[in-house]
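One chain, subunit A, links the two complexes that follow: it is found with subunit B in the first and with subunit C in the second.
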Partner chain A sequence: MEKRVIFRSWWLPYLLVAPQLAITIVFFFLPAGQAVWQSLLNQDPFGINVEFVGLDNFAMLMRDEHYLASFRVTAVFSVLVASFGLVISLILAVFADRALRGAGVYKMLLIWPYAVAHAVAAVLWLFLFNPTLGIVAHWIKGLGIAWDPLLDGTDAMILVVVAAVWNQISYNFLFFLAGLQSIPKSLIEAAAIDGAGPGRRFVTIVFPLLSPTTFFLLVVNIVYAFFNTFAIIDAATGGGPGQATEILVYKVYKDGFKALDLGSSAAQSVILMAIVIALTVVQFRYVERKVQY
Partner chain B sequence: MDVSTAPEPKARLPFLARMLRLPHARGAGRREGMVENRPFLTVLTHAVLLLGVAVIAFPVYVTFVASTITAEEVLAAPMPLVPGPHLIENYREALLHGAGNSAAPVWRMMANSMISALVIAIGKIVISLLSAFAIVYFRFPFRMFFFWMIFVTLMLPVEVRILPTYKVVSDLNMLDSYTGLTLPLIASATATFLFRQFFLTIPDELAEAARIDGAGPMRFFWDVVVPMSKTSMAALFVIQFIYGWNQYLWPLIVTTQEDYYTVVIGIKRMIAGGGEASVEWHLVMATAIMAMLPPALVVILMQRWFVKGLVDTEK
Partner chain C sequence: MSHRSNRFVRAVLAAAIVGAATSASAQTEIQWWHSMTGALNDRVNEFAKGFNESQKDYKVVPVYKGAYPESMAAAIAAFRAGNAPHILQVFEVGTATMMGAKGAILPVQQVMVEAGEKFDQKAYIPSVAGYYTTSKGQMLSFPFNSSTPVFYYNKDVFEKAGIDTSRAPATWPEVMAAAARIKTSGASQCAYTTGWPSWVHVENFSAWHNVPIATKENGMAGLDTVFQINTPLHVKHWSNLAEWSKKGYFSYAGRRNEAEAKFYSGECAMLTSSSAAQANINRNAKFKYGVAFMPYYADVAGAPQNSIIGGASLWTMAGKPKNDYKGVARFFTYLANPARQAEWHQRTGYLPITPAAYEITKSAGFYDKNPGTDVSVRQMLNKPPTANSKGLRFGSFVQIRDMFEEEFENMLAGKQDAKKALDNSVARGNEMLRRFQRTARE
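Entry: the complex of A and B
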């Protein structure tokens, strides 16, 4: 879509886009280019010895057991976050859509966790799950189950998944609710007249009509689990114990800032960029964004 | 689009003023009524929703309780679940003296967070308004190239280019400064798209009328485009304020001096390092409540714009 009526000036439009472009070039393209360039180099932390090594850094990563382990951790983490996040928020949205009285109040009581910073959410759950003083940890132990996210990898994974899901439910909920409210009432009434109960109506009409929203949220949640959960991991577990919760973005940070392994960190950045690009393409090409509010 | 809410342009643009008064369509009506009445289902509905609300609110409730009791009471597992009498002294202590491993007072961190969040939100809105206006209302060489350049930034989140971005900022001497905290985060593909989409819906007749009245592009921008974009700006502001306030990775790497810590980073520093026992949880929890309050208030008080912003920025 283009405008018929336009203004004419040879310099004004450049002046108008200049601030946005300047920031984009200096803080996005320059560093991204540097990451690509550094991924082809081998250098020591002080930048004294630099050597061009081609794709060696990538080859090394593919053989690196820790890197492959980090891929697996990321896969498990994002599947858990996306599936629990979607199922719980869908259930809440379906019931909120039904509740005519108080629907607005429920909505308000369910959307505010979006405003809580990921790092703060992590600290909240860290406190609840803390093996010595956490109240939830106390209940779990009361059931006779051993619990220590500081030492046990599975417990640590549960901790970060719970924090990540808690933080994301409100977002999913809002989009599911919007999707549900955009389903034509007449379809549901017609099915009701035909004698289909609420359960049957959900399975045969509501859920299929909701699939664009579900698919859209699935992509968004995977992107979220991959890239936006850095703060949760860093604040709650620091990737530990061992490597149990070390997702890819955390490993880039750790190898770059703590281990100062520049070549490897840059190569990991490049791989992550490829993943973001792929996910963005999926999001824009195949996701129907027909959510109405 | 609600044309009637745009204010009257200033005098001497009579043709444009008439255009703005044209009638317009109003929003659609609301859905009414339930398909059928099933008392059991209604009870179940409220039961599930109340359970959901309770589970979601639980961590914040415990945090609040922990912020009103003494350090010893927090350590006594299980801690009490009823608020104690130490609310004022705990918050006062945190605000004025900070807690544990991070000695910076929380009021300072809150101020830093507020400054960063406001600069980021307003900065994003301003530069995106300008670039979207240029891209929609002008034809110039490289127009679409620039547009795609802005688009591609969506694919370069800070998480995947941490180290080189850090290096650029450090080369520019922006570490430990408000400029370093905010400027690199101000570019916004989402905001540019949103404004572009919105500008495309502004009727051509308005620009035509402005031109007949002899108004230049910037006059049109100030008198028509900016006032008409108010709703979009409010929606974006809510989303971007929360985004700015909740930043983590970026302030974590560009700030080393306590003077520049934001409150989200401050909390992390309070619990990092040092043994388990040295963490002053009652003060950390008071800080957590204070860190949550501004963005949560923004969501609750500006709910309509928040929802609009969330949905719009995903289009």
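Entry: the complex of A and C
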């Protein structure tokens, strides 16, 4: 049954949501509106010569094969980060959920990486994978595999994906663990009595009951890969080699803040905003149908 | 994005501190935003301290604002918000952007004349002054830290590989012959590496061989400039680099100065990078090393010509009270003092930007005691600069350099040959130039 609160005065509900609305307007709608406006301008960095160019910035981006290539890079990067991030943390959560001696320590260690700043995480992995200094690079070379993230785009992509996944696992792990712990034990025990093994119990009971958590994390991880990983890219590869790790948000940052091309950067962020809105709508309309609350 | 909000918080804090400080003292504060770190930062602070103690009316406040692109972005944001610093240190690739910003900057010449300070443009080395001077002869910014790429080689490794160390390899074929010997003898892990790929292997490579980087005197004579770096000579050099990379003679280290650490750690035996790296190399290298002119191709007529500068200059930002600029001018006069310039040159490895500073350093016997420190100066002054070698001026050059380096990396990774890489560089660079041309008016 739906619960309803009746307000006696018409203005009270507006007053109560006003702070939240104000924050959303000031920190989201206004900057977003400004980005849309700037995407229609071509201007020098200082804003002295401003010229209205309509959709020229967008047209230029669509002609630029390097910008289009950045879409592919972003897709590969996001899919890898989201899928590895979710799968690994789910496995870890399932294991940590069992009654173990010292489970608290495991949990603490698994949550730890979340406290590490993105840029620091990137530098850490950069060192481990550094072709001359890094211990991991040394092992990889020991296996007879050529490793050079400075020139090999695939190697560079592996490096940033590892750093981004490692940084995000803790967050996913926490939610999965909480999700697992909220599954009624009676259901699992009943299935066990009926003769279902651990694998079958996971597939038929645990995973479906976890689906709200998984769905939430999927959305969050995609947004993470799209937006929050740029510190990792900046510190680890700077988008290189070539443009092998230049994801869309990094290009927005680079063109806007380093190259001071505000028009193009704004146009790119408008496109990025549209993509993320579209992705989230798709996720809520189609993926959410499979979610059982 | 925590990065951005962090910067915002810092900017607010800085503004608050600045505001508090101005109201507390009678002196006029001169804000100086710079990008000098480590020992260089100490030197910058010493300049400010020395100036502040030398007079009572003005107080120069140096503020480290992050690396060059960051401090420039911060100053531009501050300008748009109406609280730009008085003095901003801008790296050489930002020069065209600053020049295009009429109304945001004040030409140094004008600042000095209006404040009644003595200022002689001719006191500067022509190829330094020319970099910051308009086609009409007006000097826009105050030259501060200039460097130029030179060639470093590890004498211990050369000896181990059985190469004559009395004379550095002078030409690219000689460099590669040495690299081959180092590689086959196993004298060091890596033979040759380079910092700043575009600066060394496009911009200075062209000037050193007296060929244009772009039309219109490398962009210095007009905004309608077009890149010309896909000539057979450029293609030959880049395809050599690609081949040497494949053979393991050349190890790519990155787009900035990462290669310098590879040299002074002893990993790489030869290096082309900034002359300003010498202080660091001197401190860290546990081997004998030599400094020499950049290599060239002997079959190119007129090579070697002279090299061009990198580094940064000091720009005066517009929109401050008139009296403040008197302080700026007096500070510039303080900095321009030949003895101070000479000391700056000797202690940092940056070029002496005035002949006077060079003479003082020379007569003090500094070059005899510190062999190799004069290589950069001699290379700059090797021949009177031509239209191809007096400098360059391109809008959006931060982006364009990135594009050149992306194409370079894609070539080294074997995705394309040198011709394609350079053709792409020209096409992509030209598109950026046209875009810049639309917003910047002379």
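Methods note: the second predicted complex is superposed on the first by the 234 of 293 C-alpha atoms of A that agree within 3 Å, B and C clash if a C-alpha of one lies under 4 Å from a C-alpha of the other, contacts with A are read in each partner's own complex, and residues count from 1 in each chain.
One rule holds for everything that comes next: a residue touches a chain if its C-beta (ideal position, glycine included) is under 8 Å from a C-beta of that chain, and two chains touch if they have at least 3 such contacts.
What you see is a predicted model, and the numbers here were worked out from it, not measured in a lab.
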Subunit B versus subunit C as contact partner of A:181, first or second or both or neither: first
Chain touching more of subunit A, residue-wise (subunit B, subunit C): B
Just subunit B (first), just subunit C (second), both, or neither: which does A:49 touch? second
What is the contact status of A:204 with respect to subunit B (first) and subunit C (second): first, second, both, or neither? neither
Which superposed partner A:240 touches (first subunit B, second subunit C, both, neither): second
Partner chain in contact with A:257 - subunit B first, subunit C second, else both or neither: both
Would you sort A:23 into first (subunit B), second (subunit C), both or neither based on which partner it touches? first
One more residue to check, A:6. First (subunit B), second (subunit C), both or neither? first
Thinking of the overlay built on chain A, is A:151 touched by subunit B (first), by subunit C (second), by both, or by neither? second
Contacts on subunit A seen with subunit B and repeated with subunit C across the two complexes: 117, 132, 227-228, 230-231, 257
Please name which positions on subunit A make contact with subunit C in the complex. 42-49, 51, 60, 66, 117, 132, 150-153, 227-228, 230-231, 238, 240-243, 254-255, 257-261
Give the list of subunit A residues in touch with subunit B in this complex. 1, 3-10, 12-14, 16-17, 19-21, 23-32, 34-35, 38, 88, 91-92, 95-96, 98-100, 102, 106, 108-121, 123-128, 132-135, 138, 166, 169, 171, 174-175, 178, 181, 185, 188-189, 192, 198, 216, 220, 227-228, 230-231, 234-235, 249, 252-253, 256-257, 262, 265-266, 269, 272-273, 276-277, 280, 289, 291, 293
Complex interface listing, subunit C residues touching subunit A: 1-3, 69-70, 72-73, 76, 79-80, 97, 100-104, 189, 252-255, 262, 267, 396, 398-399, 402, 405-407, 409-410, 412-413, 415, 428, 435, 438-441
Spell out the residues on subunit B that touch subunit A in their complex, using ranges where they run on. 31, 34-36, 38, 41-42, 44-46, 48-49, 52-53, 56-57, 59-60, 62-63, 66, 74-79, 81, 127-128, 130-131, 133-140, 143, 146, 149-150, 152-157, 159-165, 167-169, 172, 183-184, 186-188, 192, 199-200, 204, 207-208, 211, 216-218, 220, 242, 245-246, 248-249, 252-253, 264-265, 267-268, 271, 276, 281, 284-285, 288, 291-292, 295-296, 298-300, 303, 306-308, 310-311, 314-315
